[in-house]
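Report on the structure given below.
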Amino acid sequence: MTRIRSKLLSAFSLAASLAYSTNVMAADCTPSKWGAEDEIGSANLITAERVIAASKLVKQGKAHPLGIVIDPKMPAYPPRSMHLEVVQPGQQHGKSLEGAVAWPMIYNDDMAQLWFGIGPQLDGLGHMGEAGYFYNCNHTDDISDFSGLKKLGIHTVPPLVGRGVLIDMAKHFGVTSLEKGQGFSSQDIKAAADKQGVRIQEGDVVLFHTGWTDAKMNAEPDLWVSGEPGLTNEAGAFLASLNVMAVGSDTWGLGAVPPIPGDKFGYDHISLMKENGIFVLETMNTGGLAKEGVKEFLFVLGQPRVKGAVQMLVNPIALY
Amino acid sequence: MTRIRSKLLSAFSLAASLAYSTNVMAADCTPSKWGAEDEIGSANLITAERVIAASKLVKQGKAHPLGIVIDPKMPAYPPRSMHLEVVQPGQQHGKSLEGAVAWPMIYNDDMAQLWFGIGPQLDGLGHMGEAGYFYNCNHTDDISDFSGLKKLGIHTVPPLVGRGVLIDMAKHFGVTSLEKGQGFSSQDIKAAADKQGVRIQEGDVVLFHTGWTDAKMNAEPDLWVSGEPGLTNEAGAFLASLNVMAVGSDTWGLGAVPPIPGDKFGYDHISLMKENGIFVLETMNTGGLAKEGVKEFLFVLGQPRVKGAVQMLVNPIALY
Amino acid sequence: MTRIRSKLLSAFSLAASLAYSTNVMAADCTPSKWGAEDEIGSANLITAERVIAASKLVKQGKAHPLGIVIDPKMPAYPPRSMHLEVVQPGQQHGKSLEGAVAWPMIYNDDMAQLWFGIGPQLDGLGHMGEAGYFYNCNHTDDISDFSGLKKLGIHTVPPLVGRGVLIDMAKHFGVTSLEKGQGFSSQDIKAAADKQGVRIQEGDVVLFHTGWTDAKMNAEPDLWVSGEPGLTNEAGAFLASLNVMAVGSDTWGLGAVPPIPGDKFGYDHISLMKENGIFVLETMNTGGLAKEGVKEFLFVLGQPRVKGAVQMLVNPIALY
Amino acid sequence: MTRIRSKLLSAFSLAASLAYSTNVMAADCTPSKWGAEDEIGSANLITAERVIAASKLVKQGKAHPLGIVIDPKMPAYPPRSMHLEVVQPGQQHGKSLEGAVAWPMIYNDDMAQLWFGIGPQLDGLGHMGEAGYFYNCNHTDDISDFSGLKKLGIHTVPPLVGRGVLIDMAKHFGVTSLEKGQGFSSQDIKAAADKQGVRIQEGDVVLFHTGWTDAKMNAEPDLWVSGEPGLTNEAGAFLASLNVMAVGSDTWGLGAVPPIPGDKFGYDHISLMKENGIFVLETMNTGGLAKEGVKEFLFVLGQPRVKGAVQMLVNPIALY
């Protein structure tokens, strides 16, 4: 019997918006440096100069897909799942379309029931928050509508284009893959970057190769989803302080899980997304670039712009 | 009671594969010039030289999203539809995650029930065929599995990167939007290209601006889906003869609907996809480029690589 | 990145259960008269004597479906919706199953994406609550799991079998259909029951015919879902005091919407379900019985027992 | 690009209907004895006398659910599956509805993505056919619409009410459960019925207890779905010859799988459904009745009447 409720709720949502408009300066949130209305966060760092400069990183003429293949059967804890169906509407049991189109046309179509947070994904700024607030003092009561986010939806994210850098943490630690729960700090990142000749710049997309997904996702799916190596909370804050555009890794959640002693689970997302509007990229396909020793590239991400979606299946392209 | 059937069907599929392996030279299909095993068609045209050359088209440092916003409520004839739900697992009625993570974490997640053929989309080579066959003599009995295409799935498509060109047919005909059912031929395309100073080259992604979606999708959704301006069958064959990588438009189906007298509905897809392995892009967001008079650009498409999917929601990026 | 969270949340849920076990006597909830562990509420009223007595009401040998036809396109406010697809796995484009089963078998199968609260439905005791609590002091933190209710799931409801009575409120007020927002009180119910010769007894399933759905659902779908005639809050409490097994009507929500002055929206559900464990039936197909003047009947409801579901599409049968 | 196609296909469907109207006397199908327009088959056998007589079988006042609990995680071969989500629209992160309804209302709602052929189910007459035809010479081209069957939909089935009889084949063979692939013939059925004092009459719902589901579904799910004991093809034809209303069992598919030597897989469905309009019930919960030695009962089935559905999740009630 939600029918009428939804009408009442709409009215209520409005009331709520008003109510919360007085909260935007609450202690629990920090307004964005890009203004009270800003929804795109670090995408504001994209400039013509940076795009042109990044385009000059295309030297070998290679294009690498940063999205791994999304197998509907890939590991995912409940409740996340994906189902795909290939169907042939109007063509059941050999029914011909020739009567309709005057030639023996056949076609396949497909439908799916899925979560947008499976496999390689872009986390929108409305995905994770703290104490009621998401990026730029947006309160959940105001924006988290059941039928689609009212603000910070994935469709608001402009093309994320810029300089991408890869820091190979596995190589740095001399392993094929870091371990579950192994955290790396700002010192580790700086040491690895220096050794590998990578300089992180403002507006960059910083990707870390830990080896975790290549080593474990298919071989030990239960282990893969039960934890991961990644950023410490301090490393998350450090990267945020560099004003990068996005941070990603070849893990499902970026930060170390379980977190290192004293750290908070998933808090890297808060330092990056909620506090600084920096986008997070997960389950990136970094193995090929690491093997080739690619350090910097033109990063181009065009996510399907589903209105009101929280996150999205993606496949950013690295050009070098 | 499909349970056991599925096992039997698997066995049968194998038998079918063998059976059809003798059919690959059937009159109804032409083997690909890229070999009997080829699944990527015109993506074979991507070369380091072309990628590097295309990267030099980035002059103004601008990035334009070629995917329109996908509103779950956007027009779509049955059976295609999309539903999005923003949910908060484990956080019902204010249940706090603080006990689990030791900080007041909140998060939104999202799930959807959708068709991958809604809005801006990349048609895979397993989408449309003729008389039982898809691209490269792949018979539907062999590849069209209910749970995902066994060949020609969207996940097999590599990053489509190259030179993109825009031909503004609306400008050519001096209108805001071409009309429903208005077809344009190779002569029209050549005339418009010449007048607009565009030279189509091998390996290009050729996009046409008709004005149809900007003018009609929101204003007259029923009209928008009931037909469209587009290629004549002859124009489809002409473009295929130029060995381009992909052809797209700001319409839901590329070809004129209804087709011009003597033409076959949708047959442009056969000339391009089935006969030549050339990809088709639909409901592209060409308006902004047309307004700016952008003629050529670096085209970068990274589609979510869902294993076995027929087509995919996309948002290619035009860099210029 | 919910993967690991779900594990943490499980741990947390346990903690929460313990935490709340101390709350069961909170002022906000009243333990059930059937014991602290009871999940079936008024179904405890089913006795062999009552079932046998009710079976003797079958005199004309007629069976009437109390569930209306559920059209996937029937009115429903967002977010509720339903989609049905009839598919033919393994039979695409005329692919024959004969090779698999040695005879020309064909079959249709069907899938759906739906809400269990569409059309004729049984509300389970975990559907509506107040201030954190559902029936029998079950706190939402303890039972409302995303993947299925941990207690009070629809699968726990035994066959609801007993004496059904129909009170024709439309006839009582001399109209084809009561109006939107028209409430009827215990006095109205008693007057109508007396005039129509109906005596409500303990354990009965009491159905009201208002004429609303027959008159408005198809003719004025927007009006139909925007409100309805029904019980006043006082009438809900009155029916609860009679220890009936279930109360239903030919409306989508049982109570008057908008509520009469001074009443609370939907509070009838609290008096019946939360406070007394009495089941609620919605969008019942009462028209045929009202027309025939059927006053009492054998009521038999077997709902699909989906584990953890909140409510369920149903079609109770009235035998008389 | 199915948009316009769907319009063309509608036109085509009409053409097809006309085309096939000339086929109804084809050798491949037998018109129903209940007339060319009949869609309900053996439900025509329901008479007032039979319903009244069956109601007198309620002697102990007991009600038994013939539908097993449907666990979304229960075994099912691809592509069949089920997902359930319990959600709280408009109540994210503790958002209160009090502003909307003036009292601290909370509610759970649920949505699902499922196949109607999971667990206890009623097969409609449009589920299985032979050589293009379903019951009463309905050709698949005419009735199998992607969005819902145009004829023989589950919503057309009236309340199936009558005398139910249980024949305990496990007891007959002196086992807890029959074996996978073990078929039983008309002789076995007659012998068991005689020994157990059961006389099958016209219009009966005949249920067989094999012990298969109780013994194997949870203990050995892979074995359970890989086969089953059940009717031989000859037994299916025998039961059809008795003019019963429905035949069911505690197995997922009624007939023996794999079939006995010389039998056709699933052909029992053709003898019962296609040739005689007799309904099939699967995965029935017969264990409790078998244990009590219940031989006959009042059978009452009210399936959710989803328009155009092929089959349906059900929970028939046995009253005795």
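A few remarks follow.
For reference, chains read A, B, C and D in written order, and residue numbers begin at 1 within each chain.
One rule holds in what follows: contacts are C-beta pairs under 8 Å (C-beta built on N, C-alpha and C of every residue); 3 or more make two chains touch, one makes a residue touch a chain.
Bear in mind the structure is a predicted one, so any value in this text is a computation, not a measurement.
On a Cα centroid basis, the chain most remote from chain D in this structure is A. Where chain B touches chain D, over half of the residue numbers in use are shared by the two copies, so each contributes mostly the same positions.
The distance from the centre of chain A to the centre of chain B, with each centre set as the mean of the Cα atoms, comes to 24 Å.
Once the centre of each chain is set as its mean CA position, chain A and chain C turn out to be 41 Å apart. For chain B, residues touching at least two other chains, in rising order: 2, 5-6, 8, 79-80, 85-89, 92-93, 100-101, 106-109, 111, 113, 117, 132, 140, 144, 146-147, 265-266.
Taken in their complex, chain C has these residues touching chain B: 2, 5-6, 8-9, 11-13, 15-16, 19, 79, 81, 83, 85, 87, 89-90, 92-93, 95, 97, 99-101, 107, 109, 113, 132, 140-141, 144, 146. Per the touch definition, chain D reaches chain C in the complex via residues 46-52, 55-56, 58-72, 79-80, 82, 84-89, 100-117, 119-120, 126-132, 140, 144-149, 155, 158-159, 161, 264-267, 298, 300-317, 319. Across the complex, chain C is touched by residues 1-8, 75-80, 85-88, 91-94, 106, 108, 111, 113, 117, 123, 146-147, 225-228, 252-254, 257-258, 265-266, 269, 282 of chain A.
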